[in-house]
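For clarity, chains are labelled A, B and C in written order, and residue numbers in each chain start from 1.
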């Protein structure tokens, strides 16, 4: 206890030591959109310590959950745009407009870095009566409504992937909603659902252990971690226009943050994200390491929003039309 | 069971208020999604509020029954004493001032006022206890658990940074 | 033999032993303060221990976990304010014990029994992890729903003077639990257009308010009452009283293992169910339940401690968190380059036995730290109320604020505090409200998942429920408890005899 205390105090004191009057003059605050232990939380807690060293200040991280990240997003937007409050989030705000969760998205923020992107993969329970995508389509079409597919609510990764597939083939499955991809994977292993569009990072260990079987990768190329799993574009090239697509993690500050602060933050987090340890972490978990910023990041965000918004809208799960917000069709 | 407990002032009104609230909640749950499907978001809230309405009705019935046979005057001690009212007012003021004044200042004022009201020790002694308690709470929550308490008028982070520069030197 | 070697890693390294001891000690106090939670402490440790060795980080986290779950009992017994959700049931009979001047013995007994429960949990983890996790994985949505309904029947035990009032409180609690954006469809429920309500009302805020603040307001009316003199001559419980409780504690520990191993269900529900079990099965308690029955203290304390070990079962065998704290452990393993998942036990077998070894050592330290220092701790109740009450209120405010760093939670906490005060005055218990809030989402979501899976057909819902062995057992238990144990039958019997 005492040791912890001394260590913490000295960590605070030491990390607080830097030249005055230059950004950052005081500790920063990182607002994480998702709960402790989730993938966003873990990625942010992994990338931040090294950035703290470069900044010379601590970044106090807080989880502000709720409303699919909307609570945290609104909070950061309401703070002074001085670069001291960071939004550590996932892809969700890009669908708020069409899902009716407010009129905010990442265009109200300046990206510091988009760290990594996940690759979706369709996984199935080991007892499912098919082993590949063609077999799955055949079985589902022959038994409409019998196959249960896990979902994480409208706008979540599974619902977008399902919408994407349904734009090419008819797949009459029953969607059973879960609180997140963790509980949905548990349900998949227990047989409560037979199919789940998951993020590769979250499914890879279960695939390796043979607890679930991979069906098809939702990407335009195969992945080194699962070289035997075909990419969906091999059989359905018409999906090419949506891909690559995947949920991402990024760090943002409010739009009007001074250039100096943005530059300093980009340097700190950009360097930290290039570290060998962090890259390794992303690779092992099947995330595509990106670490992009500036215009490149903004283009990525715009494209993501356009693909996703139109997919969920065409699938009939969106509340508003992307047209109302001037989101162009991909 | 404690069925002998005598009725407290305001119990009838509380029972009726519960009934009213539960009816409003039932109506609100119906508004969520009506009777659209068994799996609709409103189905469970509707079931709960219906149960709550039934329960409240039973409570009101029991109250009425008890009123009829009530003979004991029982514990007529008012539920809230003057001290209680003042203390509640202090709590309310504290809650409202927490953000504008900041944690340290508002808590200091609240503790001082609260302890002066309830403890009636000397000012110096109370001051000592309050400062000690605040210091411990600040260290535990703000420094160890890194809970960013409302800063308000005291620029804590600047002071901490200045202290850091003083002891840690520029790095 | 290799297993033993891995098991002893933390025993043989003085630094690891120290970290476990420090973690357990800190955990007791973190757990005891309402508003400081184990989850919070462990998640801060993740970035704090980022640069450490993984073993060091794990030892500190294990210590805090074990100490923290136990620590909540301290304030529950002494002040009637549970330090965390796992200790809600502990307050029910623990506080009356303190009111009788037996706080010292109550804490001593809770310590010994926590350690007993802790060892049962570890034993289950060490010997049967793979089969228990397969069993837990077999739980379908309808089984979770039935389990939660089993939990909600506890209202009968918690209702106090009037079952109707208990039902009102329980239903109200469940409604509180549904406030916010519906997690399954993102539909707004009871939000009245307020964005602050989107994420719902934090149940910890409700808990701190209903127990902490309402207790403060309640005590204000009895300022003149002299604090009960505590008899501290005996802290370490007599062997005879431990032995008497042993059969019960082994049964309730088993409940803790079963419930704790289920993904997404934790020690809080385990403790409440164990309390209910003890109340239903103890024929002749020395003191009635609710007035200081030792059985009512032993049951939740053994169950929440055995749930600690059990929550590691799905985590270590499948990479699935058993509760909120093990979810963060998974994050920690991930950050330190181990890949938590079904392969962990095969590729990193030392991790499993290392954690088992750490848990054992932490429980030994728990016994030592738990039985020393009680005398000083018990002094809390002897602090003049004029000083204690404002301090409790301040801690409640800070604790509620710390949940999400927002004042909104503080307002909710205070609002529910005032409501809880009036409820207590008018003979409603606050226990059923908290129970409702805890179980609300479990029932709501799993009912909907189950009925969606059956394509909205009630017929096949019941057909499948009666043909699955697990569901059938749960369903029959619900029916049996409903018929035989709740006062319903008593009412019916009385009504019948009146009719004759």
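Keep in mind that, in the parts below, a residue touches a chain if its C-beta (ideal position, glycine included) is under 8 Å from a C-beta of that chain, and two chains touch if they have at least 3 such contacts.
Protein names from UniProt, one per chain: A = Tripartite tricarboxylate transporter substrate binding protein; B = Tripartite tricarboxylate transporter TctB family protein; C = C4-dicarboxylate ABC transporter permease.
Since this is a predicted model, take the numbers as computed values, not measurements.
A.B. asks: Is the number of contacting C-beta pairs greater for A-C or for A-B?
C.D. replies: Ranking A-C and A-B by C-beta contacts puts A-C first.
A.B. asks: Could you name the chain whose Cα mean is nearest to the mean of all protein Cα atoms here?
C.D. replies: Closest chain centre to the overall C-alpha centroid: C.
A.B. asks: Compared with subunit A, which chain's mean CA position is the farthest off?
C.D. replies: Farthest from subunit A by mean C-alpha position: B.
A.B. asks: For subunit B and subunit C, what's the span in angstrom between their mean Cα positions?
C.D. replies: Each chain reduced to its C-alpha mean, subunit B and subunit C end up 22 Å apart.
A.B. asks: Take the average of all CA coordinates in subunit A, do the same for subunit C, and state the distance between these two points in whole angstrom.
C.D. replies: Their C-alpha centroids are separated by 32 Å.
A.B. asks: Between subunit A and subunit B, what distance separates the C-alpha centroids? Give it in angstrom.
C.D. replies: 37
A.B. asks: Where in subunit A do residues touch at least two different other chains?
C.D. replies: As it turns out, subunit A has residues touching two or more other chains at 4, 8, 62.
A.B. asks: In subunit B, what residues contact two or more other chains?
C.D. replies: 146, 148, in rising order.
A.B. asks: Subunit C: which residues touch two or more other chains?
C.D. replies: In subunit C, the residues touching two or more other chains are 40, 184-185, 405, 448, 452.
A.B. asks: Okay, in this complex, where on subunit A does subunit C touch?
C.D. replies: Interface residues on subunit A, with respect to subunit C: 1-4, 8, 11, 35-38, 41-42, 45-46, 48-49, 61-68, 70-71, 74, 99-102, 145, 148, 153-155, 174-179, 182-183, 185-187, 189-193, 204-206, 208-211, 277, 280-281, 284-285.
A.B. asks: Can you name the residues of subunit B that touch subunit A in the complex?
C.D. replies: The contact residues of subunit B facing subunit A are 139, 143-144, 146, 148, 157-158, 160-161, 163-165, 167-171.
A.B. asks: Quick check: in the complex, which residue numbers of subunit C touch subunit A?
C.D. replies: Residues of subunit C touching subunit A: 18, 22, 25-26, 29, 39-40, 42-43, 46-48, 50-51, 60, 137-141, 180-181, 183-186, 195, 198-200, 263-264, 318-321, 324, 327-331, 334-335, 337, 339-344, 346, 404-406, 445, 448-449, 452-453, 455.
A.B. asks: If we count contacts the way the header does, which residues on subunit C are in touch with subunit B in the complex?
C.D. replies: Against subunit B, subunit C makes touches at 33, 36, 40-41, 44, 160-162, 164-165, 167-168, 171-172, 174-175, 178, 182, 184-185, 187-190, 213, 217, 220-221, 223, 384-387, 389-391, 393-395, 397-398, 401-402, 405, 407, 410-411, 414, 418, 422, 425-427, 436, 440, 443-444, 447-448, 451-452, 456, 458.
A.B. asks: Within their complex, state which residues of subunit A touch subunit B.
C.D. replies: 4-5, 8-9, 12-20, 25-27, 29, 56-58, 60, 62
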